Every structure is written in structure tokens, then in C-alpha cells.
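You will see two complexes here that share chain A, one where it goes with chain B and one where it goes with chain C.
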Partner chain A sequence: MIKAIIDNIKGLYSLLVGLSITGRFFFSPQKTVHYPRQVVDPEILSSYRGPLELVPGEKDPAQSRCICCQMCVRACPGHCLTVTKEAGSKAPAAYLYDFTYCCLCAACVESCPTGAIRFSHKVYLVADSRQALHLDLLADLKVRASAAPASESAAAEQTGT
Partner chain B sequence: MALSLVNFVVVIAAVLLIIGLMVVNAVIMVYAERKTAGFIQRRPGPYEVGPWGTVQAICDSMKLLGKQIFIPGNVDWILFFAAPVLAFFPVLLLFLPIPFGPYLTALKVDEGILLILAFAGFGVISNILAGWASNNKYGLLGAARAVSQSVAYEIPMIMALLGVIFLTGSMNLTQIVERQGAWPWQWNLAVQPLAFFIYVVSMVGETNRAPFDLPEAESELTAGFHTEYSGMGFALFFLSEYANMLLVCCVCATFFLGGWRGPFLDGFWWTFIKAYALMMFIVWIRWTFPRVRFDQLLNINWKWLLPLSILNLWITAVILKFVD
Partner chain C sequence: MDRFNFINPFGVRYQPDTVAGDFYTNNFAKKAESNTIILNLGPQHPSTHGVLRVIVELDGEYVLRAEPVLGYLHRMHEKMGEVKTPWQFLPNMGRVDYLHPIAWNWVHVGAVERLAGITVPERAEYLRVISCELNRVASHLMWWGAFVMDLGGVTPILYAFEEREKINDILQIVSGSRLTISYFRFGGVSADADDRFLRLTAEFVPYLRQRLKMYQALVTDNIILRRRLEKVGPIGVDMCQRYGATGPVLRAAGLNRDTRRDIPYSVYPKFDFNIPTGPVDDCLGRYLVRLAEIEASLSIIEQALESLPAGPILPPKAPKPTFKLPAGESYFAVEGARGQIGLHLISDGGKTPYRVKLRAPGFSNLSLFAEAARGTLLADAIAILGSLDLVIPEVDR
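Coming up: the complex of A and B.
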């Protein structure tokens, strides 16, 4: 009986501790990023797993490292990758990626023998239809290569396997 | 008390003012509650609509006004529509005996607190009607919980108030305020701290607020007794919930915190400052403590609050006897 009373008084003290914690949080600064006016620090986004992108080639940033071995296609649990081969060469003719089925599991990234794919850091990707999330990664690679060739090749050297 | 024509006009004017107070109170409290929740969780709360999101609550109430009132099948529709009205109207009466200021009292009756406690029971009836009439298992479970909880928490609440009534020797709220002084050590809080504690706990239980919000526990009962209500039916429940919160806080300020008596200058502002400080404390509690289980809820009441309130009443009576 006495023990129960002491336990309850201790419980009341724990209520005060809880109130002090939320009271302290009330006055501490907020962590929210008001998106359209501010953007998240790119340093924080370096560990973010966005949709897949192709790693630029070492010599030509517009050229993929992909050798069309189809390992990523087999490893993918969602069957969201389609890779077709160019006749007479190892370069891919099309690298199609269905982001609607992708679960970002990284099985394709780990299975790739040449390190040709990686996760992008696109947080702000928005689409108004399913079709808009069926991405053509080769076209995306060419766009990035023409936009910033120097920085992309530098990034490729850093992440190259 | 003779109900002359002047008194009648005063009461009608007071009822109109109270309707305004209820609406303004609900809008302000929704905004304050969402902002507090945001700050405690280190996010800004309503932010985009108007400067600092101040227009958000008004936009939400406009949305509620414009919504269709959906009536599910197999509903006892007389009771279904009677329930929100029954939740709303008694609250108008409940504010009448509250002395907001020295001259700002609508109905100076000798048994003011008796009037409040008696008509507060209508809230429970509206809850059980809403749960029963909407022909929904969640509604019915919520109503059953609301009744057993409200009935249980009314007892220690009244016992705690009785301690103050013993001290004052009157149930007239104006007299209770006048017997207290302006400074905090002259308030009833200084002589009845245990009663104040019991009252604050049962006040949260009585108004079905977290951590005692079991009648509308979202994770178990979707929304409890008002699951099937939409549009203005829901809005009336919502209004009366916030009005009930303001009412119990006003009663607490009157009984324990000196009502309109305050340092430097007496006036109605002290009642509102004290009542809204208590409201913010209830909001703070809501965003801090997790919801209790139903058996824990009733254990707190029957095993702790009720014996403590009886003890408090007994000690008060004995001391008063010896002092006299």
C-alpha cells in the first residue's frame, strides 16, 4: 500500500518531467524548411535515395558505363527496368526505368558489375501522371552531360567503382 | 430573485454575447492549439494562409459551413439531429452565472454552481444520444465510454468544489470571488491546493480532452460518438467542446484563482487571463501525455481522486470546526 503510494508520487514527478521536455521544445527553434521559398541543404541530401540515374562514362560524360549484361533487370524485384542492346556493340540502345514500381531497394546498384547506375538526389521530383514517371535514363544522362560536363565528370571520378 | 423585465433583457443580451464568445473562443483555440502542437513538435503549425496562418481557422470553419450534412442509413433521425443541438444549447445557460467581472455577471443567483453542475449533465445526454442514434458501433462504444467517464469524473470534481463552498459558506459565485483577495496567496488555491489539483485533473476528464479523450480515441473508435456527423452537426459538437473547456476553466478561475480579483486592477480581464492560461495548460497537457487505457482512467478516478477528495473535504470540515 505504502509502496503503491510512493510509486504514484514518483509517477506524478515523471509527468512534470514530460511537461518540462515539451515546454523546452516549444521554445526551441523549428526545423521546418518552407519549401518553395527555401530548399534543403544539398549536403543533407547526399544520402537521399531518389530515382535511379546513370553514372557518366569516364571519357565521355554523355556515354553510359552500361554493358547490357541484364544483371540489374534480373535483380530488380519490381521488374521496373528494361535494357535493350544496340546491334553489334555493348552500349545500351534504351535504358527505361519505371519509377512507379521502384522500391529503391538498391539491388540493381549492387548487382551492376561496372557501377553504371546510382541513386540520384532528386527530392523535388513531382509528376502529374503515371506516364511521367516512366523515365528514359539515357536521355536524362545526355541532358546532364550537356548541362554541366565538368562537374559531372568530377562527380563520376569520385563515385566511380 | 425577481425576474423583472430588466433582468430578462440582460439575460437575452448575455446569451447573444455568449454565442459570440463561443464562436470566437473556438476559432482562437483551434488556431492556438494547432500552433502549440506545431511548436512542441518543432514545426510552425498553420503558416501559409494569412500572416502566420491566422486565417486558417476561419477558412476551416467556412469549409465546415459549406459541407453537406450526410445522413447514413438506418439512423434515428430525430435523435440524430437533436444530439448536436442538445450539446450546444445548455452551454449558453452554463455561462450565465459565471462572474466575468464585478459588473459583468448575467445572472446573480445564490446557487450558481449548482445550476452549472446540473445543466452540465446535458452534455453527457447529447453524447449518448449521438452515439445511439447514429447506428454505428464506434459511435455506441464512444457514447458508452463518454457516459461512464463523465459520470465518474463529476464526483471528485463536485467534491473538490465542495471544499471551497465549505470555506466560503455560499454557492453564489460572486460571493466566492469577493471572499478571495487580489494576490495569489490570498486565493483559494493557497488554502485548497489538493482540491485545485483534483479539480484540474477531473476538469480534463470531464471535457474529454487528452490524455482522457477515450470517447473519441481516434486509434480505436475513428471519432467516437461523432463518427457519423459531418458539416454543421460536427461543428456544433466541436463548438460545444471548446465552450465546455472555457466553462470549466472559468469555474476553476472563479473558485481557486480569485476570478476577477487580481493584482493592481480588478476587472473582467483577470478572469479571461486566468481562464485562457488554464486552457493553454490543457493544450500543453494534450500534446505531452499519451492517452491512458480505459481501466487506468477509471482507476485514477475511483482509487485516487475520489478518496483524496473525501479526505480533503474531511480535513476542511474539521479545521473549520476548530477554527470556529
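Coming up: the complex of A and C.
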């Protein structure tokens, strides 16, 4: 009988301990990031895997390093890449990428012999249709080359948008 | 009145087949006793952690029989293993068990390495151990929060998520993803640990130790949780052995079995770690074993960080994505957060393996639920289900 009473008093005390912990956290500053007003630390996003993008060429940033060897196409588990070759040269005529099938596994990136593809860091990518996620990477490369000529400030440009 | 043989006020005969739903329910209802209720838990019920469906026969509040219905999340991972090359199958492993993907990475990579005779550099082995243990901690934290939420305490999961986010940030540095991680490669790992990874991991270990003390005061010592879990759902060694349950469920029952020590792989023999074994085999015992396992994992991480050797992370002739398996078969087992994970790989020397068999610990752990839940209150059955730490994608594969 007495033991039961002591147990209950101890139990009540454990509840008070729990409430004091919750109370302490109630008055501590918030740790969540409120997205539109705040953004996540760009250092954390530096390893984020967004949709693929082509690496700009050393001489001409609008030119891809791709040599159309089809290694990435064969390695891809989701069959989301289509690379066609220009007649008479090694340069790609089209580099199409279906982001809806991509599982961001890096098989293509690691199989590329020339290092022509990499992951972008587009965290806030939004699309309102499936078609918008069928990306033409060569066109994207040209857009980026005209937007940031000469100096390749990749990190700054990628995390922002 | 017999509940299967009466005519309603509109003159229609009650027919269980047309009223009670699908095949599983009707089949289950055939053996029902009179004056019982057949209740469908799930597949969308939040306490079943995904899309598990359990049919229970209730006498008042007491469970007479329970039967899990599987297959709502069957995604043919084993078949995909047969139609994809080993390299293409790698990202699948992260999707099998999204809470402990690195252990599944390891089991596939390990089976391929054993079959092809690839040696792994020592630094890669250490990085594998560190990332796997970090992931195990994240998995147990997630379970801790979800389990307490099953029992009615909503706050603790928010604390658990804070730690889990930190682990996700750490693992993202090397693997690039936060949930369905695919970090391991045949022969090593995909990326070397940089200074930031090592610094954050070293900072995280003492931080989590502090937080575990808070968990103890907030939840473990709480009288409501204790009274809710004590003597609920005892699962003995005998039942575990009959159903093949492994992991914390088996260790809470009192049997000291851990794949990391019993079938040593990688560099685990070099570490001195404690394998917690429960003093009691009820829900509280399984709860305490998992919390003790977090501490054991932290000590492994600490030792691995101290003795992390320098060197390459991939062997000189690491397999490329076009890599072909030699003919033969191999089996590899690792200790996942839920128990022993196994992968049996059979190759006939072709482009893709002949057969890939995945042994998911959750499947065996779930099979004993029907027996463990018999005769308990419905609310206690939910506690037992939560204490088994089920991940439904892994159960269904």
C-alpha cells in the first residue's frame, strides 16, 4: 500500500520533469526554416543533387565536353537519357534528359569518360507539367553560357535559383 | 441471433460476401466466432507506418485473431534485380528500406564483392562503418519518435527529427541524398569524407549523448509510458526462433545475436562495442534495447573516427557501370536496424544476375505479430506493432 503511494508520487514527479523539459524548449528559439522568408544554409546545399546539367567546355562555355560515347545512356537504370550524334563529328546534336524518370543515382556522372555531366543544385525547382521536366541540356548549357560569360561562377549561380 | 443468417427490415438476407468487402476479409470471416467484430486496420491507418493492413477479430476490446495482409507496396525489387545490371540495381537498394538504406547498400555491394572477389580499401571500410552506424542511429531515432506517437505522445517525434535532420545533413555531404541513399560502390564508396563530414560527425556524437539524457528524462522515465508498455506483448526466444525474428526483437527476448559480431564482415571485429540484450521481453524491453543500441552505434562511430586511416576509397580496378558478374553464387548478410538483412545473388555469367533474393528482417518480425497480438487489448496490439519497428516497403519489397 505504502509502496504504491510512493510509486505514484514518483510517477507524478516524472511527469513534472517531462513538463519542465517541454517548457524549456517552448521558450527556446525556433529551429525550423520558414522557407519563403528564410532559405537553408547554402553550405548544406552544396552537395545537393538536383537535375543533371552539362559541364561547360574549357574553351567555349557554350560547347559541351560530351563525345557521344553513349556510356551514360547504357548505365542509366531509368533510361532517362537520349544522346544523338551530329553527322561527321563527335559533338552531340541533342542531349535530352527526362527528369521524371531520373533517380539521381549518379551512374551517368560516374561513367562519363570526359566528365561532361554533373548534378546541379537547383533545390527550388518547380514544374507545373510533365513536359517541363523533359529537359534539353544542350539548350540549358547555351543559356547558362550566355548568362555568365567567361567567368564560370558555378556555385554562386546554382544555389541561388 | 446468428450474425451470418438474418433478414434485414427491407427483406434482404444479410450476405457477408457482398457487404464485408474483399477476399481477405471474407476469408478471415469464415473462421469468425459468433458475436465478434471484424475490424480492418489500415492500409491507410497511421499507426501501421505505411500501407500495412491488419484484419483483426475483436471480442469487445480484446483481439481474438489478427492477420496481416501484405503486398500493398510490392514493387518487384527482386525481379528488378534480374533485369538490371548490378550497377543499375544499386539505387534500388536505398528504396527497399528508406530508414536504413545504407545497410541495404552494403548487402548488395557485399554480395557482389564476394562473388567477384573484389577487395575493399581500408579507408572505404571505415567510411562504410561510420555511415552505416550514423544511418542506424537515424533509423532508431525515427522509430523512437513514431513509436511514442503511436502510443499518444506527439511531441517526442519533433525532438527526434531535429537529430535526424543533423544526420541527414551529414550523410548528404558524402552521398548527395537525404533519404534513399545510394552511397556504396562495388569496391568502396562513391565519395571521400571531407573535413566538414568528419567535423560534423565528431560534433554530433557528444551532442546526441546529451540529447539521449533528455530523452531518458522526457520519455523513458515517464510513468505513463512505463505503465503503457510494461508486461505488454511478451515475445520470447522461442517465438522469435519459430518465426525467424532477428535484430532488436530477438535481442530484447534475451538472445545475444548480432550479425556484426557473429558473422563478422568489414572492419567490425576491430571495434569494441556493446551488444545490448534486454532484461525483459515485453514492449518496454524492445524500447530499451533500441535506445541502448543508439549508444553502442555512437561508440562505434567514435572509435572509427579516431582510427580512420588515409588512403584510396576505391580499389585500383574498381568495377565500372558496364561491369559483368562472373558465374556463381554468393550470400552476404549485414545487421540492419531491424535485424539481419541478407542477399543471395546467383549469376550465370550474363549481363544481369540470374536471381536476387532479398531477406528482409521486417517480414519475419511482422509474421510473429499474429501470435503475439492474440488475446491482447486492441490498443496494446498497436503498441506491439509499433515495437516491432516495421518498414512496410521492406516487408513487401
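Simple rule for what comes next: the second predicted complex is superposed on the first by the 121 of 161 C-alpha atoms of A that agree within 3 Å, B and C clash if a C-alpha of one lies under 4 Å from a C-alpha of the other, contacts with A are read in each partner's own complex, and residues count from 1 in each chain.
Here, a contact is a pair of C-beta atoms (placed from the backbone, for glycine too) under 8 Å apart; a residue touches a chain by one contact, two chains touch by 3 or more.
Note that the structure is predicted; figures quoted are calculated from it, not measured.
Of the two partner chains placed by superposition, only chain C is touched by A:111; chain B is not. In the superposition on chain A, A:48 contacts chain C only, with no contact to chain B.
Of the two partner chains, chain B and chain C are each touched by A:22. Within the superposed three-chain model, A:30 lies in touch with chain B and out of touch with chain C [touch as defined at top]. When the two structures are aligned on the shared chain, A:14 is found in touch with chain C, with no touch to chain B. For chain A, the partner with contacts to more residues, out of chain B and chain C, is C. In the superposed model, A:143 makes contact with neither chain B nor chain C.
Applying the stated touch rule to the two superposed structures, the overlap between the chain B and chain C interfaces on chain A comprises residues 15, 18, 21-22, 25, 31.
Within the complex formed with chain A, the chain C residues making contact are 84, 87-92, 155, 159, 162, 169, 172-174, 176-177, 180, 182, 185, 190, 196, 214, 217-219, 221-224, 226-227, 320-322. Chain B meets chain A in the complex at residues 36, 38-44, 47, 284-285, 287-289, 304.
Of all the residues in chain A, the ones that touch chain B in their complex are 8, 15, 18-19, 21-23, 25-32, 34.
Against chain C, the residues of chain A that register as touching in their complex are 10-12, 14-15, 17-18, 21-22, 25, 31, 43-44, 47-49, 71, 74-77, 103-107, 110-111, 119.
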